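You will see two complexes here that share subunit A, one where it goes with subunit B and one where it goes with subunit C.
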Partner chain A sequence: MLLNRIASLASESKWVSLAPVEPLPETRHDMEPIEIRAQLRDWIVEHAKAKPGAADLNDQTPLLETGLLSSLDIVEFVLFIEELRGEEVDTDEIEPEVFTSIDTLVEGFFANAA
Partner chain B sequence: MTTARTLRSGFLRSVERFGDREALALGEHSLTYAELYARAARVAATLDRHAGDGEGQLTAVFGHRDPTAFAGILGALLRGHGYVPLNPAFPTDRTRAMLARSRCRCVVVDPTAVAQLDELLDGLEGPRVVLLPDADDVAELAARWPAHTFLGAADLAPADAVTLGDAEPDAIGYLLFTSGSTGQPKGVMVSHGNVVAFVDAMVERYAIDENDRFSNTFDLTFDLSAFDMFVAWERGACLCVPTAQEKLFPGKYVKRHGLTVWFSVPSTGVLMKRLRMLKPGAYPTLRWSLFCGEALPVEVIEAFAEAAPASVAENLYGPTELTIACTLYRWDAERSPTESLHGVVPIGEPYPHMVVRVSDESFHEVPRGEAGELLMTGPQMSLGYWEDAERTAAAFVVPPGETRTFYRTGDRVRYPEGGPLVYLGRVDNQIKIQGYRVELGEIEAVLRDVSGAEVAIAVGWPKTASGADGIVGFVGEPKADPIAVLSAARERLPSYMQPSAIHLVDTFPLNANGKVDRKALIARLEAAP
Partner chain C sequence: MESSDELAVRLTNLSREQFWNVYEEFEWPEALDPERYQMQAELCSLYGTELWEDMTEEQRKRLSLYEIGNFFSLTLQGERPLVAGLSDRLYSKKVSSEATEYLHHFIDEENKHMIMFGIFLNKYLGKVYPEKKISLGREYGKGEEEVAFFCKVLVVEELGDYYNVKMMLDDSIEPIVKRINWVHHRDESRHLGFGRRHLTELAEHWLPQWSDETKKGFSDWLGQYVRSSWADFYNPTMYKDAGLEKPYDVRKMALAHPATAEHRAKASKKLLNIFLRLGLLEALPAM
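So, the complex of A and B:
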C-alpha cells in the first residue's frame, strides 16, 4: 500500500500552506543578529530556489517586488520568524513594509537582537 | 445617447453627487470621484481621437492594482465600449492570445504592465493603439514597433474633450476570459444589462451609501472585482485596493482603511485564520463579510463573523456566465451549522430575479430535494462565449418543457423544500469507481473530518476509460497520521469510496484565481505514480 508523504512539491503551480498553527518551540532569543540574518536568508533561498535572483540574495534585496517571497510563502515565513524570535508576531498589526528586505525584517522583528 | 443604464451610469451619477468624495484608495494614491472621472475622460477622449474606422466595441486594459487600470476601465466605458481586462501577473503568451482573439484595437497600459509590453506585442498582429497615460516618453517603443501607435502622457487629450459613446444594455460590458477545460480560454460575454441587474440587487440588499469603504481583493481578470467596483461606485462609496504587499496582510489593511465591506475568496479567510488575524472583535468597522469563489468552510465563516461582530456574513455563489454571483446564503451562528453539509456553508437562495432548475443529465427537473445539476436563467445570464457557437450551445440550453434558455453551471446541488441550496461539488467531480457513482466531495468531507485538516482533496486514481479504479486523497495536515486517517475514513465510507492512499501535504497548488488546483494534483500522481 502506498502511504508516502509528499514533502516539497515544487512545480510551476503555486502552493499554499493550509495546515493549522502548531505551538511555538522553545525560545531562541539569544541568537546573534548575524545568525538571524543567515537563517532568514537560508529560508528564503530554500523556498525561492527556482526563481531568478535567489542566488544573488543579499540583505537589501527587495523580497516582495522581485517575487522572491510570494503571497503563498507568507504564512510559513511568518511562522518561521516566530520560531526564530521565540515569541508570536502580532499578525494583524504587521506593516507590509517590514517585509521589504532582510534588513527591514531584522529591524522590525528582531529589534532586540539588532 | 441612449438613456438605458449601463456599467458607467452609477459611476457618472456618483461623480455628479459626490465629486469631492474619495472614489479610489490605492497605495499612496487617493482619487476623488471628480479626479477619477477626469483620468477616465482623458483616456476615452484620447483613444477616440486615434481610433480608426472599423474598430469594434471593446477596449483592452492591461494593468494591475494601479489607478490607471481603473481609469482605463472607466475610459473604455465612457467610450461606449466594453472592457477586456488583461493581467500582467499572468503568462504573457496567454494574454497575447486573449488580446488577439478579442481584436481590441486600443489597449490601455498601466505602469505595472509596461515591463511586459514588448513581450505582449511580439507576434501580435497590428495595428494597435497603445495608450500609456503615465509614460513621459514613448519614442523608443514607437521606434521598436513601427506597426503600432503609441501614446504617452504628452498625447493625452483634455478631459473636457470627451464625448460619451453610445452603449446599449445588450452590448458587452466586459469580456472576460476564463480557463476552458480544453486549455483554450473561453471569453464570457457579460452585457451591461447583466451587470446592472446584479448591481441593483446588491446595493439594495447591502444598503450601500457614500460612507462605505469596499475591499478590492480580486484582480480585474476575476469577475468578482466587478462587484467591488460597480457596487461601490453606484452609491458614491470608496474602493480600497490593497497593493500586492498590503494584500499579504489583510487584517492590517481592513483596520487601516476602516473597511465596511469585505469580499474575498474563502482561501483568504483560511490564511487569515491560520495567521491568527481573526481574533474576536478585531474588525469592528466591517458591516458585511462576504465570500465567493469556492466552497466556504464553516469554521472560516464562524471565525470571520466573530472577528467582525458588527457585520453580517454571507456566502455568495455564481459562475462568470451568470454575472458575478446569483445565489447567496446569510450566515446565522445558531441555525447555519445544522444547514451546512460536511462542514461547507450552503449557497443559499437564488437572487429574486433569477430562476433555479435542478436537473438530471437530460435536463429534466429532479424531484425537489434530490441531487442534480444546477441550471439557472434570468437577467444575469450572460450572452455566451465570444465567437464560440459550439461551446455556447453546449452550455446554454433550453430544457424540456421550457421556452427559456438556461445556463448549465456544471455544479451539483441539492435544493430541499424549505431549505437552502447546498453545493455538492462539480459535476465533473462525480466519477464512476468500479461502476459506482461517487461524489468526491463526500470523500473529501470525511477526510477533513477525520484528519482535522481545513482542506482535503480526493481524486479518482488510477484513471480508466470510464472513470477510475480507486481514490487517492490529499490531506492538508502534514502532522496527521496517514494510517489513522485511512482507517478512520474506512469506517465511514463504503469500500468503493475508500482511498487507497493518503498523501499528506504542506501546501496545495492553487490556480490563477487562488482556488485549489485539482489538475495539478493529478499531474503530480501521473508524474510519480
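So, the complex of A and C:
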C-alpha cells in the first residue's frame, strides 16, 4: 500500500517542475495526416450533441451547419487541436470558416502535415 | 419593488458620487513579492488536488502569479464584448432613457477595469492571456439574443465577484492584487444590481412568449455556457508558464477532480439560483 502511494507520488511529481518547459512536451509534428483526421473525427463523435455514427461523418461533412459543433464547443476543440499539433493556436488569426469540415481543419491547423 | 429604471437613476447617482480616475487610483509597485501568494491559495485552480499537495510552497506561489494573470485576463476578455454589447444598446429601443444614462457609467467603469487589468498584466506578466473563443454566430428566437446577452453579463460578473470578494479582504496576498479586487468589487456591486434587475424584467417579459422547446433549448445552452466559462479557469498555457509539465493533462485532471467540482458548485450557487428562480435554467447543470 505504502509502496503504491510512493510510486504514485513519484509518477505525479513528473508534472511539477520549475524548469522552463519549452516547447510543449506533447509536440507531435510528426503525426501522419491520416492519424490527425482520425483523432479529429473521434473528438467530434465523442463531443457532438447530436451523435453522428462513424459512417455519417466524413472529411467533408459540414460541422457547423449540421450542428455537430457549436460556439460553446470551440474552446475545448481548440485546446484539443493545440495538444494534437503541439503548439498554441492564435485565435485572432483564425476565421470561423476553418471549422467547416475535417478537411478545412486539417488545412487550417495542420498545413505541414496535410 | 424598485423597477430597473428607478434602480438605474439611483445607481447613476452612486456612480457619479464615486467617480474615480484609473490613472490615479493605484500605486503600482516595481515588482510583485515572490514570497506572497498573488491569487489566494484556495482559489487556485489546482487547490484540493493531489498535484497541489505535492507541490512545494515555492511552486504554489509561482503558480498563483499565473493564476491571477489568467483570472484578470479572463475578466478583461469578458468585459470586451460586454462593453461592445452595452454600447450597442445606448439610445436604442432596447433600453429606457434612464438605463441609457446608467449604461454610460457601466461602460465607463468597465473600460477603466480593462485599463486596470491591462496595466497589471503587462507590467507583471508581460502579456494578457488571449481568449480561445471564436464566435460562430447562432440563430435566435424572438427575445433570446437579448436575454442571452444579459445572462452572459451576469455570468462574467457573478463568477468574477465571487473571487473579488474572497481576495479584497485577504491581507496574505499581494497588496496591489487585493486593492484591484476591492476596486473591481466596488463597481461590480452596482453592475450586478442593475444586471439582476434588468434580466428579471427581460425574463418576465419573454419567457411567457417562448415555447417549451425554446425554453428547453435556452436552458441547455445556458448550462453549457456556465460550464464552458468555468473551463476557462483551467488554462494549459497558465500551467505551462508556471513550469508544470503536461499542461493539457493537468487541465483535464483538474477539471475532472471532485475537489474542483465542489469549488465550482459553491462559487456558482448564487448565479445558478438566480437563473433557476427566473426559469431560465430548468435544472442545475453538472459542474
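Basically, the second predicted complex is superposed on the first by the 82 of 114 C-alpha atoms of A that agree within 3 Å, B and C clash if a C-alpha of one lies under 4 Å from a C-alpha of the other, contacts with A are read in each partner's own complex, and residues count from 1 in each chain.
Please note the rule applied: contacts are C-beta pairs under 8 Å (C-beta built on N, C-alpha and C of every residue); 3 or more make two chains touch, one makes a residue touch a chain.
Values in this document were obtained by computation on a predicted structure and should not be read as measured data.
By the document's definition of touching, both partners, subunit B and subunit C, reach A:71.
When the two structures are aligned on the shared chain, A:93 is found in touch with subunit B, with no touch to subunit C.
Of the two partner chains, neither subunit B nor subunit C is touched by A:45. When the shared chain is aligned, subunit C comes close enough to touch A:83, but subunit B does not.
Applying the stated contact rule after C-alpha superposition, one finds that A:31 touches neither subunit B nor subunit C.
Put simply, subunit A uses residues 9, 13-21, 64, 71-72, 74-76, 78, 88, 91-92, 94, 96, 99 to touch subunit B in one complex and subunit C in the other. Across the complex, subunit A meets subunit C through its residues 9, 12-21, 24-26, 64, 69-72, 74-76, 78-79, 82-83, 88-92, 94, 96, 99. Of all residues in subunit C, those touching subunit A in their complex are 50-51, 54-55, 58-59, 62, 130-138, 221, 224-225, 228, 231-232, 236-237, 240, 243-251.
Those residues of subunit B lying in contact with subunit A across their complex are 243-249, 251-252, 255, 267, 270-271, 274-277, 279, 282, 452-455, 476-479, 482-483, 486, 500-510, 517, 520, 523-524.
Residues 1-9, 11, 13-22, 64-65, 71-72, 74-76, 78, 88, 91-97, 99 of subunit A are the ones touching subunit B in the complex.
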